[in-house]
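What follows are several structures.
Both complexes shown next keep chain A, but they swap its partner, so chain B is in the first and chain C is in the second.
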Partner chain A sequence: MRYVARRLMHSLLLLAGVSVLSFVFSELAPGDYYSELQAEGRVSAATLSALRSQNGLDRPLPLRYAIWLRSVAHGEFGYSLAYQGPVGPLLAQRIPGTLLLTCLSTGLAWLLALPIGVWSAANRGYQYDTILKVSLSILLSIPELLLAIILLAIAVQTGWLPAGGMHSPGGGSLIDLLRHLAIPVTVLTLGLLPVLIRHVRSAVSEAMGSAFALAAAAHGIPRRRLLLRHVLPVALNPLISLLGLSLGSLLSASLLVEVLVGWPGLGPLFLEAIFARDFAVVLGVVMVSTSFLIAGNLVADLLLYRADPRIRV
Partner chain B sequence: MGSDAVLTVRGLSKTYSQRRWWGGTVPGIRALHDINFTVARGRTLAVVGPSGSGKTTLARCLAGLEQPEAGEIQFAGAPVEIQLIFQQPAASLNPRFSAAEVVEEPLVIQRRGSKPERRDRAALALERVGLSRTILGRRSHQLSGGERQRLAIARALIVEPKLIVLDESLSGLDIRLQEHIARLLADLQSRLGISYILITHDLGLASRLAAEIAVLDGGHIVDCAPPADLESRSTHPATRELIAASKVLAV
Partner chain C sequence: MGIRFTLTALIVLHGAVVFAGFLAPYDYAEQHRERPYAPPTTIGFSPWPYVYSQDSTRVYPIRFFTRGRLLGVDPGGYLFLLGTDGYGRDLFSRILYGGRVSLATGIVAGIWALALGLFWGLTAGFYGGRVDGIMMRLAEFFLALPWLYLLLGVRAFLPLHISPAEAFFLLVAIIGSVGWVRPARLVRGLTLSLAERPYVEAARAFGAGPLYLVRRHILPETKGLLLTQATILIPYYILAEVTLSFLGLGVGEPVPSWGSMLADARQYHALVAHFWMLAPGVATSLVLLGYIHLSDLLQSRS
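Our next item is the complex of A and B:
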């Protein structure tokens, strides 16, 4: 319990650090939400400066940060100039979509990677394993965005799958949702899969080559039991740590894929906010992704803590 | 020896081949060539040789971890009654298993006995190697080096083996611990009538523990004699080199 409390404290500190850095970087970046209006020249300079001071953009950085912190405490996470409202509800609306996509893809990728990786490690050096290795290398070298575009093109050409969005107009059934999920989940899963399989394969191979696995084999332990009962639990440690990282890395991939397939998650919101220089929303999404990453790692560390009694830090 | 032989090895040969990625194989190193020996019940045969002489390959063939390509291994018992104790017994313990699980695992896979029976036998095996029952719940990282060594021996003992192959199991231990384990092995031999094949590069150790010493060099057995006669009966330069080396070390 004390371990969890300490980890939570670390996480809060990390979030605070990320928010401070984000503020500093936003200050260094040129322009703000009103720069575009200014460039168009239709709004007078006086009006613009009035708007800026009305929205507090002319205040010094530390003060703006303090105001932002207060709004975080109220659950508002700042004020979006583009949406003319607090950021909190905007994020809350988009988070479930992104979570659904990332958790589903991560889960699916791991479900596939574990058996394939173990199988591949058990058949190291045979033809099938070589074929698998080559296909993984090819898959690894295809960018996710290209994969998404190819799948979308196929979907549009054939009409088998919807080419974007989360629901068909008027349709809200589970089947409809799954049909919309198919492309983004496939892209994200295939993107993560080669990395995971390689890690599972090497972790299992390493554990299989260790002296205790050899000793177990010498005792005539059947191959299946050897792999599942002896080797896999030992190979699991590095994989559990990877689980946390995979959640975080998938999130960043997900933001891009969401934009491409028009998935109503954080991705499109983030992109729009960047183009509009709607800083509060950008910061909100950054904070959410950081929290995802922290949560993923925390879950992984707790699993590791449970799985291996040697790791009691 | 004759009918009293526990193990008879005739014409054993082993060549390691390399697997090609498309599935073919290319012949590689010839590790063992026409090996013949017998081990009598309750006796110890030492197999001594320099690195790369084929000692470990021999151990692995005897334990069934490698398939020899020629020759026969006649063993008076079930295959499981040959047990192998590794070069680093401590590393041969699964880090995620408790001492009880380590020792019971051979019984579990053979579906021998109920759970409480297995626990009793595990405790008995631990007792035989001088470990207390209280360590049953501990994992290997919570044990000392000597305890791990004994645990590995207990695991071999639990299936009531007729032959234990010790593959450099005593090397790399500090002298005092080596002495303890050697005494333990000798004690188990006299009480349970187990035969040992002691594989080592240490001729001194072999002379103290074994009734007979076979010298392995380049995959051939070049000399085989009781320790006292080895020097006078040796015919091969490899044997003389080993004797000379052990004398230097003894001084």
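Our next item is the complex of A and C:
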């Protein structure tokens, strides 16, 4: 329990640090939401400075940070100038979309990677394995960007799958949702798969080479039982920490895929906020994505804590 | 495939980009408005390479070393090796020129990140104790965000409309600020263990200063680590540049980059008819494949 408490404390400090750094950055950055309006030339400079002081942009940094902290306590996460409303509800609308994509893809990728990786480690040096290795390298070097564009073009051409969004207009059924999920989840899974398989493969083959595995094989334990009952649990430990690490790249890939297929997640919201220089929304998305990553790492560490008694001391 | 083949392939790819001014048949901004989305030009070979005119009535021989470029045809004929985009700009030429931005960003950002990581790791590892604790805690902030969120978050604070040259240096600085923590951690670990080696302690006992110790005994040992990290970081940074430019946050028009060129391919309804618009993506994949294979080879060797 003390371990959990310490980790939570550390995570909170990290979040606070990220928010402070973001505020400092925003202070150093030239221009704000209104300078984009000014560039368009429809609003006079006097109106803009009035608007700035009305929204508290001319206050000193510590005061603005304090105000922001208070609004976080209220669940508002600041005030969005572009949307003319608190950021909290905007984020709450988008979080389920991103979570759905990332969780599904993580689950699917691990479900595929574990058997393929174990199989590949067990058949090291055979021709099938070489073919697998080559195709993994190729898959790894195809950017998710390209994959998504190709799949979307095929979807549009053939009409088999919807080419964007989360629901068809009027349709809210599960089948409809699954059809919309197919392309983004495929892209994310294929992006994650080669990395996972490589790690599973190297972890399993390392465990297979260790003394206990050789001894077990010498005792005549069947190969299948040896792999699944003895080797895999040992190989699992480094893979659990990978679960947390892979989340970072998955969230990044998800941002891109969401933008590409118009999925109502954090990605499109973030990009729009950047183009509009809507600082409150940018900060909100940054905080949420940081929390996701921290939570993922925390879960991985707790799993590891349960799985591996050696780190409990 | 061996390390020599991979290196050669990478050098050829980079060389093609460096000598874009000579190898590309057209300039990157040269528009042929009368030929938008032209498919790759068919080349005939008897007895000498030639192309047809648009109505296939005339034949234009391909000339070598004309107008300061390797390939070209006389006015009236076209030589679009990979077709054209919506403005009738030659895609092959634009890929060569666009690779300059993408590859240079990757390499310069990679060097910048490695230098930062090396400095950070050496200092933290060499002094240890409290310095180490503070420095590594600070570095942790850069790992707290998913990389693309960090990249876009940093980009969010910078002006949107800037000149291509400014944009290039901004891109390098932003992209380099993501991903330097891993090399820093590795260098730190190596330095910590090296600093306790007997020969280092002996040198210290003879009165060697920190600068001498680092330069003479620690720095040379980090070479292999830095090389491996470079082959991991550079493709990752090239991908980062492609991604940022794709989203419209990189170097803008008219200077091409593989990312912004790929953004032109986003007209899904027409993409099957204009499949050559995907060529910049294929170029990216080829370069990434080279780097990934190289890093695999290096890692399996050590």
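To be clear about the criterion, the second predicted complex is superposed on the first by the 312 of 313 C-alpha atoms of A that agree within 3 Å, B and C clash if a C-alpha of one lies under 4 Å from a C-alpha of the other, contacts with A are read in each partner's own complex, and residues count from 1 in each chain.
The definition used in the following text is that a contact is a pair of C-beta atoms (placed from the backbone, for glycine too) under 8 Å apart; a residue touches a chain by one contact, two chains touch by 3 or more.
In this text, all values refer to a predicted model and were calculated from it rather than measured experimentally.
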Contacts of A:A215 with chain B and chain C, given as first, second, both or neither: first
Partner chain in contact with A:V234 - chain B first, chain C second, else both or neither: first
Which superposed partner A:D308 touches (first chain B, second chain C, both, neither): first
Between chain B and chain C, more extensive residue contact with chain A: C
Which superposed partner A:Q127 touches (first chain B, second chain C, both, neither): first
Which superposed partner A:T290 touches (first chain B, second chain C, both, neither): second
Partner chain(s) touched by A:R225 [first = chain B, second = chain C, both, neither]: first
Partner chain in contact with A:G248 - chain B first, chain C second, else both or neither: second
For the chain B and chain A complex, residues of the former touching the latter: 19, 21-23, 63-65, 79-80, 83-84, 86-88, 91-96, 105-106, 109, 139, 141, 152, 155
Contact footprint of chain C on chain A as seen in their complex: 14-15, 17-18, 21-22, 25-26, 28-31, 36, 39, 137-138, 140-143, 145-146, 149-150, 152-157, 163, 247-253, 255-256, 259-260, 270-271, 273-275, 277, 279, 282, 285-286, 289-290, 292-294
For the chain A and chain B complex, residues of the former touching the latter: 125-127, 130, 210-212, 214-222, 225, 230, 233-234, 308-310
Of chain C, residues touching chain A in the complex: 140-141, 143-149, 152-161, 235, 239, 242-243, 246-249, 262, 265-266, 268-269, 271-272, 278, 281-282, 284-286, 288-289, 292-293, 296
